[in-house]
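The two complexes that follow have chain A in common; it is paired with chain B in the first and with chain C in the second.
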Partner chain A sequence: MYDIEQYYQAQSVADAVAALGRDPAAMPIAGGTDVLIQTREGRHAGCHLVSLHGLGELQDIRWEADGALVIGSGCTFSQITRSPLLQGRVDMLCQAVDQVGSPQIRNMGTLGGNVCNGVTSADSAPSLMAYEAELELQGPQGARRVPIGQWYTGPGKTVRGHEEVLTAVRISPQNYEGFSGCYLKYGKREAMEISTLGCAVLVKLTADRSAVEDLRAAFGVAAPTPVRCPRTEAMASGRALDEALVKELGQSVLTEIQPRDSWRASRDFRLQIAKELCRRAFRRAVELAGGEIRA
Partner chain B sequence: MLKILHMTVNGKAEELAVDVRECLADTLRERLGLTSVKKGCEVGECGACTVLIDGKAVNSCCYLSVWAEGHSVLTVEGLKGPNGELSPIQTAFIEEAAVQCGFCTPGIILTAVEIVGQNRPYTREELRKLISGHLCRCTGYENILNAVERCVAENLARQNAD
Partner chain C sequence: MAIGISLVRVDARDKVTGEAKYTADLEPRSCLVAKVVHSTIAFGEVKAIHLDEALAVPGVVKILTYFDVPDYQFPTPGHPWSVEKAHQDVADRRMLNRRVRFYGDDIAAIVAEDNVAADRAARLIRVEYEAYEPYVTVEQAMAPGARAVHDERPNNVLAHSGFQVGEMSYREALASEDGLVTLEKTYRTQTVQHCHLELPTSIAWQADGKINVITSTQIPHIVRRVIGQATGLPWGSIRVIKPYIGGGFGNKQDVLYEPLNAWLSLQVGGRPVKLEVSREETLASTRVRHAIDFHVSGAVRKDGSLVARRCLANSNQGGYASHGHAIVANAINCFKQLYRDEKALECQANTVYTNIAVGGAMRGYGIPQGDFAAECLADDLARAIGMDPLEFRLKNCMQEGYEDPHTHIKFYSYGLRAAMEKGRTLIRWDALREQYRDQTGPVRRGVGMAIFCYKTGVHPISLETASCRMVLHQDGSIQVQMGATEIGQGADTVFTQMASEATGISVGKVHVSTVQDTDVTPFDTGAYASRQTYVSVMAVKKTGALLKQKILEYAGYALRLPVENLDLRDDQIVDTLTGEILRPVADVALEAFYSLDRSQHITAEATSHCKINTFASGCCFAEVEVDIPLGKVKVLNIVNVHDSGSLINPKLAEAQVHGGMSMGLGYALSEELLFDGKGRPLNPNLLDYKLPTALDTPDLQAAFVEIPDPTGPYGNKALGEPPAIPVAPAVRNAVLHATGVAIDSLPLSPQKLVEAFAQAGLIED
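For the complex of A and B:
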């Protein structure tokens, strides 16, 4: 039996917003793969839960007329990986969420939960940072959108207000069309592992595929929150695809991340794998984009 | 905090009172006597409590029972034939000696049901990834993979024969 003091199953997003508004101690729950496990550990003793589980309006994946991909926050990781709408458009995200936990966890855990728990190790976070996703929130004052770059305020902390419900994650066409990307996760095992460090590299090549037109690099567990590397991205823009660039990318990201020592890995080890993962992810992204890296 | 729950379990409509704080593994074991559902880690790591909900494998230890309202749950007890026969998947596990202590077996068999139900071939590497949410303390993974591989192949052969 979980140590839950109050439980309310919301019938709609509006109902959930109202329920959260009535109870300052209430906490939303969706897939349950974080909240229930933390409750079992005693971290939320006597918690008040507002359940978003199973809400149909949060489980939609849409491709809008302007080309934006809108992923309902209640979509499970496996729904995302298998979505014909998302495959071929945001492959890096489909592949990243296929590395969360285990097949069973991916059938339960939701994208919204992965974003709202605010942790730096969330496997979807580096990809969403690179795609410059926008987060759609519904609150008592109505809806608002927050760029993911302004979402995280600290470890496990986000700008989501107490009464707000994350309803969808939106990716605009200018942030995925023509891009290829690769997310690499380092863990001691290939399953049931929280990321030691994760790196997403998204590239768009010039029309002749000889140079970088746009590059985005984002990391998880390389700082208290997921981070982008704007200086490295600016440095890479317009550069020819060669080994010198690969080498420089690895060095450059190290000036933009602040990994820490933890029981999972030391800061030094994380710096080493950040350098290496970034280079490997870049190589793979270029390969997917049909480019070739010259000596 | 009791609530009336309606769900289909192993093909049978059930109506029962559950506590909203209860996880599905406890409801299935304690209230319905379906003890094939094992409680191992209780934090979603080991897969011993795996059941299928609407055909998808989930860890019933981190799933609130009330979430199963209106859904269909399958446990290993639901695999037996009309005269108590084992299913082809269970038979394959026995013949491949894929069962040692047996604690992880019901969960892996249900994952195998989900895999086989996709009606497509898989490489051994893909199968390895698909069963990665199960821990076998006897470390009998080779035989388990042999059994799953065999189930997939036999199912496809049956489909082709039809």
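For the complex of A and C:
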């Protein structure tokens, strides 16, 4: 039995916003794959929950007229992986969320929960950082959009206000069209795993596929929040696809990340993994983009 | 013939459909719950415990502390009781403690209407401690001036033992000839936990003048005795019931919370109380596999003959004795029983109290640790002289007919070399050793192996006794009642087969009672030591013969034929002279029950006191691929070959091997319970404790060399624990072959590998 003091099933996003407004102690819950575990551990003992579970308006995946992909925050990981709209457009995200936990967790856990949880280990985060996603929030004052680069304020902390509900994640066409990407998750086992380090590399090649036009590298668990590597990205821009670039990428990202030393993994170990994953993700992204890395 | 067939598990239907009842399924109405309050320091004294706020939580019935429990110290391991004081287990435990000896020690217990009330109360209990510097390692606990964890052992050494084989000492052997190649190494094994699926759960209540306890245990009759020792209640007033259980692997070969739960029920007027510890508590506060360090030396000639070895093993016991020194004493036996040192073998072992989680029994009982050390050393010695490790083993391993000079346990049947040859073929050893020589690049492959041997049961170290009762039903089927327990390994199925073989009653008419109830179940010490198909089935065989004789006697009376001319085959009474089928047993049974002339309820019961023991053996071969920059080991192919005598049920035997190999792979690559400098467990949950998943597990190959053992009731010998033993050293040796880097501690975790590969210059910038 879980120690839940109050549970309110919202009928709509507006209803959820109002319910959160009425109760300063209330927390939103969607799939429950984080909240319920934390409740069982006693962290939220006696909690008041406002449930977003099952709200149809949060489960839509749309392709808007301007080419933007809009993913409802209540979409589960498995819905995203299987979405025909998302497949072929943001494959890296589809593949990244397919590495969360287990099939059962992917059938319950939502993209919105993964983003709002605010943790650096979220498997969707490096991809969303690379795609420069925008987050749509609904609050008592109406709707607003926050670029994901401005979302995280610290470990487990975001700019979401107490009464705000994340409604959708938006990826605009200039951030996915022509790109190919690869997310590599490093865990100690192949399933039921929290990321020790995660790396997303998104590339757009020049028309002749001989050089990098645009490269984006983002990491999870390489800093207190998910991070991009702007200096490395600038360095890679315009560079020919060769082994020298692969080597330099690995070395360069190490100057831009700050992984922590913990009993789960040492800083040196995470740096080694970051260097290697970044190179492998880049190789794979180039391969997917039809490019070839020359000696 | 009921032996050697792959009879479908007798419990398969119930388990697949969910009808099988486990302890938690048997919860009575109006059951209270109990929650144990654990210490948040590893070593010290509780100075005060404040309960007022907790007692005010609605739903809390009672809170008991160390202050309230009876002052009895009791032993917890699942060993037969010894009537000789010198051989009794160490009694160092109380149900609740004021002196705290590990992080998570039991200091109080809450009884409440539900778990939410109990959890709320637990968070409100305030404890004041006087904390001492805790000892996490054996070295810390053995350092001069260290504080005693238990006053009874002022230097923290729970026990020490050793032995020597050969005419001279290790030093003398080294001095006796020139040209020896020697190695000095330290091999370390880690703390791991059983991670059985079903948590340790019990339900206790008072009824019919007894305290009744339903519990998830491997050892119901021993639990009854220990509840008595812990509470002071007469043993006969305690009734223990064991339903289906979801695995034990040795953790439930210990008496865990059953005494506390029985006593708690009595404190609340005998109301039913359920005590289920969480996964986190199971990892931190029940039992673990001992971490053991082996300081080892070895000397070989350049021709590959093993001349001498020496080993000092230090076992980290944690805060309480539990199975204690028996584990590491068994571990060092592995050195003696696996190889022939031409001149000298010296082994010493210490078991040392520390302030980490309590070491107890776990599948293999010290041998997985000892085998890791012995088999790493075998490969390292072979490598030092440039010899193929398989040839090294074939040259030096224990031979047919070996008898341990101290315990006199013998290889009554011997298949070790045959197993090695079979494994050699299955893994394609010679081709792969050649193919994977001198590799370069970031991803490399290798092949490695390890051998083992394992005794069957515990004779002569401990008593081996088993009993069985058979009752003929009115339809000619039989009920078989045994104290031996089904714990998921398939015991009830092979008992069914062997009871059928012993009686002539077909397997479909043999009903094995799966629930043990100490009020009615004949005595047996339970499931451990890979003993039941050997020791307990000796009782089945004896009882079966008795029952059959009684049935034939009745049939002889009913048919007016001399009993010596009758036999019971396939549920029929047959004439042994003509082979003629005379009468179905069902008819004989019905007549025996209801005869107006001579009514007889045909039953039989016997105890078998087993005074023999035989070695099982085998090996593991593993082919791996090592991703050097990421520190990842992928097992491409793995095969265990077992010399376990005749197989009673080949399919179940194979399944047993698969389970053990899976456990061995976790031990090799990922599992480790970690403690910080304060003795606090860092990862007591299944997210951070890396039990392998299905996706981490390669196809597992099980193979056998079936050589009937003359001492086994049906040619069989140990198979329960052995599959877990050789996997970790085989994988380690395969990584050595792939990379040239010898990893000398378990597990072969990615960070450890990356550090070792970087040091060896295998990782580029």
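As a convention for this text, the second predicted complex is superposed on the first by the 295 of 295 C-alpha atoms of A that agree within 3 Å, B and C clash if a C-alpha of one lies under 4 Å from a C-alpha of the other, contacts with A are read in each partner's own complex, and residues count from 1 in each chain.
Methods note: a residue touches a chain if its C-beta (ideal position, glycine included) is under 8 Å from a C-beta of that chain, and two chains touch if they have at least 3 such contacts.
As the structure is a computational prediction, the values presented were derived from the model and not from experiment.
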Contacts of A:54 with chain B and chain C, given as first, second, both or neither: first
First, second, both or neither for A:192, with chain B first and chain C second: both
Contacts of A:36 with chain B and chain C, given as first, second, both or neither: first
Touching partner for A:266 - first (chain B), second (chain C), both, neither: second
Which of chain B and chain C A:141 touches, first, second, both or neither: neither
Touching partner for A:1 - first (chain B), second (chain C), both, neither: both
Touched partner set for A:105, first chain B, second chain C, both or neither: first
First, second, both or neither for A:237, with chain B first and chain C second: neither
Doubly contacted chain A residues - partners chain C and chain B: 1-3, 190-192
Residues of chain C defined as touching chain A within the complex: 114-116, 119-120, 123, 629-631, 670, 674, 676, 682-683, 686-688, 690, 692-696, 749-751, 754-755, 758, 763, 765
Contact footprint of chain A on chain B as seen in their complex: 1, 19-23, 26, 42-45, 47, 50, 56-59, 62-64, 66-67, 111, 129-134
Interfacial residue positions of chain A with respect to chain C in the complex: 1-3, 42, 45-46, 186, 188-192, 194, 247, 251, 263-266, 268-269, 272-273, 276-277
Residue ranges of chain A touching chain B (in the complex, touch as defined): 1-4, 7, 9, 32-33, 36-37, 40-41, 51, 53-54, 78, 101-105, 107-108, 190-192
